[in-house]
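Going in written order, the chains are labelled A, B, C and D, and every chain counts its residues from 1.
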Amino acid sequence: MTGYNYTILIPIIPLVIFLVTGLLGMKWKPIVSGLIGTVGMGTAWLLSIITAGSYFFGGHHAEGFQTIIPFEMTWLRFTETLIIKMGVLLDPISVMMLVVVTTISFMVHLYSIGYMHGEKGFQRFFAFLSLFTFSMLGLVIATNIFQMYIFWELVGVSSFLLIGFYYQKPSAVAASKKAFIVTRFADLGFLVGILILSYVTKTFDFGQLTQPGTTIFGNAASLSFMGVSALTWAMTLIFIGGAGKSAMFPLHIWLPDAMEGPTPVSALIHAATMVVAGVYLVARMFPVIHFQAPAAQEIVGYVGGFTSLFAAIIAITQYDIKRVLAFSTLSQLGYMMLALGVSGYGGEEGLGYMASMFHLFTHAMFKALLFLGAGSIIHAVHSNYMYDMGGLRKYMPITHATFLIACLTIAGVPFLSGFFSKDEILVAALHHNKLLFAVEFIVAGLTAFYMFRLYFSVFWGKDRHYHHTPHESPLVMTIPLMFLAFASIFSGYLPFTELVTSDKIGFESEMNYMVAIPSILIGFLGIAVAWVLYKKESDIPAKLAKSWGILYTATYNKFYFDEIYLFVTRKIIFNYISRPIAWFDRHIVDGFMVGIGLVTEKASYKIKGMQSGQLQHYAFAFVAGALALALFMIYYLM
Amino acid sequence: MDFGQFIIMRQELLLIIAAVVILIAEIATSDEKKGSIIPFSLGLFVLVTAVGFIPGQEGTLFGGAYQSTQLTMFMKNVLNLAVLIVFFQAESWLKKPENLDKISEYFILTISTLIGMNFMVSAGDFLTFYLGLETATIPIAGLAAFDKYKSQSAEAGIKLILSSALSSGILLFGLSMIYGATGSIYFADVAAKIAPTPLIALGFIFFVAGMGFKISLVPFHFWTADVYEGAPINVTSYLSVVSKGAAAFIFTIVLFTVFKSIVALWQPLIYTIAVATMTLANLFALRQNNIKRFLAFSSIAQAGFILLGILGAGDLGMTAVVYFVLVYVFTNLGAFGVVSAIYDASGVETISGYNGLYKTNPNLSLVMTLSLFSLAGIPPVAGFFGKFFLFTSAAGAGYYILVLIAVLNATISLYYYLKVVKAMFIDQNDQPIPTFRSSMAMRIALVVCAVGVFFVGFASGIFEYIRSISQLFLN
Amino acid sequence: MNILTLLVVIPILTIISILFTKDLKGARVVSAVGMGIQLVVAAVLLFMYLGARQTGNMHEMLFTADYTWFKSLNIHYSIGVDGIAVAMICLTAIVTFAGIFASWEMAYLSREFFVLLILLATAVYGFFISLDLFTMFLFYELALIPMYPLIGIWGSGPKEKSAMKLTLMLMAGSALIMVGIFGLYYNSAPNGGPLTFNIIEISKIIIPEKTQMFFFPFAFVGFGILGALFPFHTWSPDGHASAPTAVSMLHAGVLMKLGGYGCFRVAMFLMPQAANSMAWIFIILTSISVVYGAFGAIWQKDLKFINAYSSVSHCGLVIFALLMMNQTAMDGAILQMISHGLMTALFFALIGMIYGRTHTRNVTEMGGLMKVIPFLAVVYMIAGFASLGLPGLSGFVAEMTVFVGAFQHQDMFHRVVTVIACSSIVITAVYILRVVGMMLLGPIKDPHHEHLEDAKWYEKLSTVTLLVSVAAVGIAPLWLSEVISGSLKPIVDKLAAVIPF
Amino acid sequence: MIQGIPIEHFLVVSTIMFFIGVCGFIIRRNLITMLMAVELILNSVNINFVVFNRYLYPDQLQGHFFSLFIVGIAAAEASVAIALIINIYRKLKNIDVENVNELKF
């Protein structure tokens, strides 16, 4: 299949930009790096749009979309069949992701020129952004699971670098470390999952793994470990990998802390692109999970559902606007996971799959918008905390408008994109699992509430005493806002059911009013409550908080998960594993080796009396030795 | 009588002549010119050594009581070479005023013992062997007590002479038993009649005890350290290399020829002694601070290694032993040479006294290091090859565990050798031995040693030559 | 002259030339030139090798030469290389080259330092080109002994003690090896004929299994000690902590590879059945060392200790992979050797350079170095990433090959331990990030560190050489992997022939 | 043979002499006495040689000759030993072997 060869340029462009700005950036004026990055990303964005256009709309797709591999090269060969290749794989979800990633990345690049203006390390920032984009694109277009793993790791590292961008700030360093280690831990699951999968199937190739009716799983069912089939293990472990990156409970703890990074980074990585990698991974492996490891799919669904509820509850109590958004992201990612967990395969059955991808797309737009808006606010106020803000609508009209759009979108207000995608998820959940549906339904209300709590406290309420009057951000920052607002509004109208489906064959879907109307209502309920509580400054929230007592405190402290992790790492791993091992090594193992030496030396001193200097002692030893040898010889050897 | 046949024992004859000539020279020189005996003797001995290397004739004398073969000639040449190096190293020591009147004594006594050793190596019967042994031992007692005014030297002499008297008594007792059992003192006849009977076993043990004394094997080694420490350095080096080497030669020859048929009997015995020797000597060497005493224990340990070669009980074993002794000559004399040079210049003979030596006397330190590494069996110096072949020999007889013990012992020995290296190179010293320039003769000797240590290993020709003559000898 | 012999001759000539120099300046220039030439020769060798393979020269060993040395014992100076040896030689050349520049300012007894350093390298080259067990053993011991003076004289901290411990433990290891070698030698001609030390000759016969079972542990543990096999690894932390920069580099980077290489070339290749029956013991030991080393590293405060324990972990993985005895895992093992060699050398180089500026190696006393010495800090960070297995750097390639290969093993036990070994990637991340976080990032802790000087040109050259190699292996691993696995094929075939799977 | 004395008697005597010699060497503190003990050992050896020769191998003289040489060498040994003992006496003013222990350990 030719004609898509240019797609290889999409990841290559950011790579080149990374290398160029990374190695030579110091020699230029900072702005040059920014411009190069932005222009490069713009090009990549255009290429992606062209790809998407020609892929989705460039032909007849009645029997489904083809999987196209325009480029592939062998990177490392393990065995005859286990080969890591580097390639470009185009199918509906990857093309969609290309668009998402390049769009958001382009917007963030543009935005960052304004946001990061005058920061030290401006070039470094753009280099890292490009590195991240490259990695993410590589992940998206991976032709095999190992390529995905490779870029998965690279994404993790770029995230580490960007979270820790303000490397002199201890909290940023700690956050980046945490993010990396937690996701690394999850990646271990991913890796082991890959190993099991490759052991069973002898291939890494997505094409072979996800082909319907494939025979590579042959006798896989007979393989089991601890009573669970090998593929369930594999898929659960791979899901753990995905859960780590997508910050599913209980591996979510890194994401809120990751907000220590510059806000554009949060928008790009921790809202729109990298965190959906886990969802993307599960979607990529969907046929395998669905057919070979239904138990794993159940887990996906429940973990997603729980995370979305859990995160939404926490989001209500947070004051740091970026953290609120972070928990909101968690909650939305939970939605996507849940959708995959409840999805079937093929046609209408695969509604959940479609919905998940759909929500991924819309969420990317509005969440990026929210973050960039938050960035704009922070830029103006120089604080992250809601109690430092209020009444900002007067000062920052564009930000205000776009932020409002985003809030409405996420709250599921009809005819905005979020409404459509969320609705599809609820429908899918309803069909498969009533419990999860109920959870999601509640979360929809909570989402609306906490988003508008945020919105009202920031843009309404009392004017704070600002150090200097907040002002609207420059154009270079507001253009992305406006573009994303536009996308948030209208991306819901994309015919996703026809484009991105589980079996790549489009289907028709109807609005399910039984679900849509209640969900709209609960959304409005949430907004209304927020209106009452936060539009005007009042002490009701505080009172409410007090009345919830311990529960509130627990929620405010994110259910103490950080503390639990700290306990596990600091206390158990450091104090109870590593320290004893270090001690054991120094004193027992090494002590033994040194001990041999010491004993030898001791022995050497003990026996010095033998050489007494007395000639007659020597003579006695001489004779006794000779006689002993004689006895030994005569009695034992003859 | 055909006096021409005495050409077979030309090496011994030359030595006797040399001894006599030095005696005459001593008489002929006036008191003021005693010092000139040194270069004269050195020159003479160079000549003797050189003549020794002229290929000689094989054959037997005195009805088989004396035998000369390529192998024994080679052994004698090794000994001559060693003595030559010792003489060169002794030069500056002999020049000291307190030794001026004893110069020729040193040469004559040393050459006498060498004559004894040559006879011992060439022995064809136990009588010649015994005579050689005693000739090689008794004068050494005199040499050990050479420093007349040092009580340590006197003590070394008395300890040596009494121990050696006891040991030769026991040795003789053993020989008498072997004679009683076999009816002959000729090696060839004894070998034919030897059988694993208790009497012969007892005789054999006593023989081993006697030889163990000379080679200083545990538990017959106790005299070694005391005598080495007490005796003047140039006597110690002579004792540790030449005397021990000659004894190792004849011990190997006797075991491989006379006691060949009871090899299964003596192998476990030698095994035990080897383990005991290496281990005990190493343990003692660990904590020595006197460099001579330290080298004494080190040389005991080396004797333990020689036993590994003997265990091979074949031409490879013989080759390994001879080769090792050759290597050992250069190696140990290198070490002793440095000790001697330093003692002559500064009177220091403790290891801690060597601290910081490299700063002031780098060349001496390097020679010392080279020698110590060779003693420890570190490649690429000759000691590695010597040890490796000894171990090859033992492994060939199936003694793998013994090889392991031996190499582990070599590791322990490396520890104390490195302690000396550490003293010279690493440890700091406020008053290091001042820089000095040793005498020409000493430097020649050290260069010869260093070159030998370096090249004997690589020169496979030497090994191959020894192998061929050993094969000739044993068949 | 045979190009392989040239590999030994050039360093020797370099040593001799150094002896004629007067001071530091002369010595270092001569060393740099000599090792530069050596690097070129190694590269030429690599291309010659690739060329020869391309033209279809499928002999097991290439560029062979054979000179009889000790005829009666059938000891030869027999040399030849396969892809693995070529790779190791290139590794050695790179690390040595970098090591010379890392010790550019070695003012104290500089001539002696360079002589010993290059002597060490000479022995390593000799080891890798040897086909004869005797010369191999000779070079092996020769490589160990310069460590003592190198650490003892130029080291820091409790240097004499560490040097002694290191030397003695490794020498004890070589005692075991010696027994193994003798065992092989005396069983090398079961049907009569001359005994031989030649590896290729011995590999053609099958030694009785009982004999193998006796000698395999000797040879394997002997080499394993140098490969930091648990529980014989304790020389490594002390030794590395006390050694001067270039010595740590060479030792961890190259010398420890001798252990792994010997384990596989001598112990496993020549005694496959015993290797198969006894593998489980050592697999348990190595999987312990992989995890244990990593955990051990977490608690350490001294940079060199951290790296030493990390080496224990990584080298454990080498032997672990070798014992899996399939082509992929062994390929991974060799890759891991190379990767670890480059990485760890880079680490030690950087640690040395950082120590030279801050005068402390205690991570808790440093902070925010990224701001003052960005070049070193960035390179350190990249090295850290390589160590924790970031794709695009060498560590990832090696580790993944090991894991995938090991996991293909038919036996459940092997797969379970593979998973355990895998877990080291997380622990590695913990300690690497801990160091990076404490030392490089955050605010500057010690006001004295505010005006440090960033890397000089020679330091840059040293680190960049290694860094480029690490990245080259990581970005384009295929050719290297192919070179190695091509050479592994005869070995794996031999294993497969005698081991009933 | 010699007036009907069997060989065993000689051998018993020589063995007893040998052990008396050994014990004397080990027990007696006087250096001269120790030297005498050595002479006892050597003489026991002489008896052995002579007796073996006379009784078992009467047709040759190897044993006799051996014992003659032993006598000779014993004399040489004794002379050197006594010279050294005198030397010791000069240093210590006694010839007690227990005092000859400057070199040890």
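Throughout what follows, a contact is a pair of C-beta atoms (placed from the backbone, for glycine too) under 8 Å apart; a residue touches a chain by one contact, two chains touch by 3 or more.
Keep in mind it's a predicted model, so treat the numbers as computed, not measured.
Student: Quick one: most central chain, C-alpha centroids?
Tutor: Looking at where each chain's C-alpha mean falls, the closest to the middle is C.
Student: Have a look at B-D versus A-D and report the one with more C-beta pairs in contact.
Tutor: B-D
Student: What is the distance in Å between the mean C-alpha positions of chain A and chain D?
Tutor: Distance between chain centres, rounded to whole Å: 96 Å.
Student: Could you give the separation in Å between the centres of chain C and chain D, each centre being the mean of its C-alpha atoms?
Tutor: So the centre of chain C lies 64 Å away from the centre of chain D.
Student: Would you mind pulling out the distance in Å between where the CA atoms of chain B average out and where those of chain D do?
Tutor: Whole-Å distance between the two chain centres: 27.
Student: For chain B and chain C, what's the span in angstrom between their mean Cα positions?
Tutor: Centre separation, chain B to chain C: 42 Å.
Student: Which residues does chain A have that touch at least 2 chains other than itself?
Tutor: In chain A, the residues touching two or more other chains are 597, 608, 611, 613, 615, 619, 623.
Student: Among the residues of chain B, which ones contact at least 2 other chains?
Tutor: In chain B, the residues touching two or more other chains are 158-159, 162, 166, 170, 225-226, 415.
Student: Taking each residue of chain D in turn, which ones touch at least two of the other chains?
Tutor: As it turns out, chain D has residues touching two or more other chains at 22, 25, 34, 100-104.
Student: If two chains touch, include that pair; go through all of them.
Tutor: A-B, A-C, A-D, B-C, B-D
Student: Going by the contact rule at the top, pick out the chain C residues touching chain A in the complex.
Tutor: The contact residues of chain C facing chain A are 165, 168-169, 230-235, 237-238, 292, 295-296, 298-300, 309, 327-328, 331, 368, 370-371, 385, 388-392, 396-397, 400-401, 403-405, 407-408, 412, 415, 418-419, 422-423, 425-426, 429-430, 433-434, 437, 440-443, 477-478, 481-482, 485.
Student: Note which residues of chain A are touching chain C in the complex, please.
Tutor: By the definition above, chain A touches chain C via 74-79, 82, 84, 146, 149-151, 153-154, 157, 160, 164, 167-170, 173-174, 176-177, 180-181, 184-185, 187-188, 191-192, 195-196, 198-199, 225, 569, 573-574, 577-579, 581-582, 585, 589-590, 592-594, 597.
Student: For chain B, which residues count as touching chain C in their complex?
Tutor: 316, 319, 373, 378-380, 384, 388-389, 391-392, 395-396, 400, 403-404, 407-408, 410-411, 414-415, 418, 421-422, 425-426, 460, 463-464, 467
Student: Chain B touches which residues of chain C in the complex?
Tutor: Touching chain B: residues 69-73, 75, 134, 138-139, 141-142, 145, 148-149, 152-153, 159-160, 164, 167-168, 171-172, 174-176, 178-179, 182-183, 185-186, 214-215, 218 of chain C.
Student: Which bits of chain A are touching chain B when the two form their complex?
Tutor: Checking each residue of chain A against chain B gives 597, 600-601, 603-605, 607-608, 610-611, 613, 615, 617-619, 621-626, 629-630, 632-634, 636-638.
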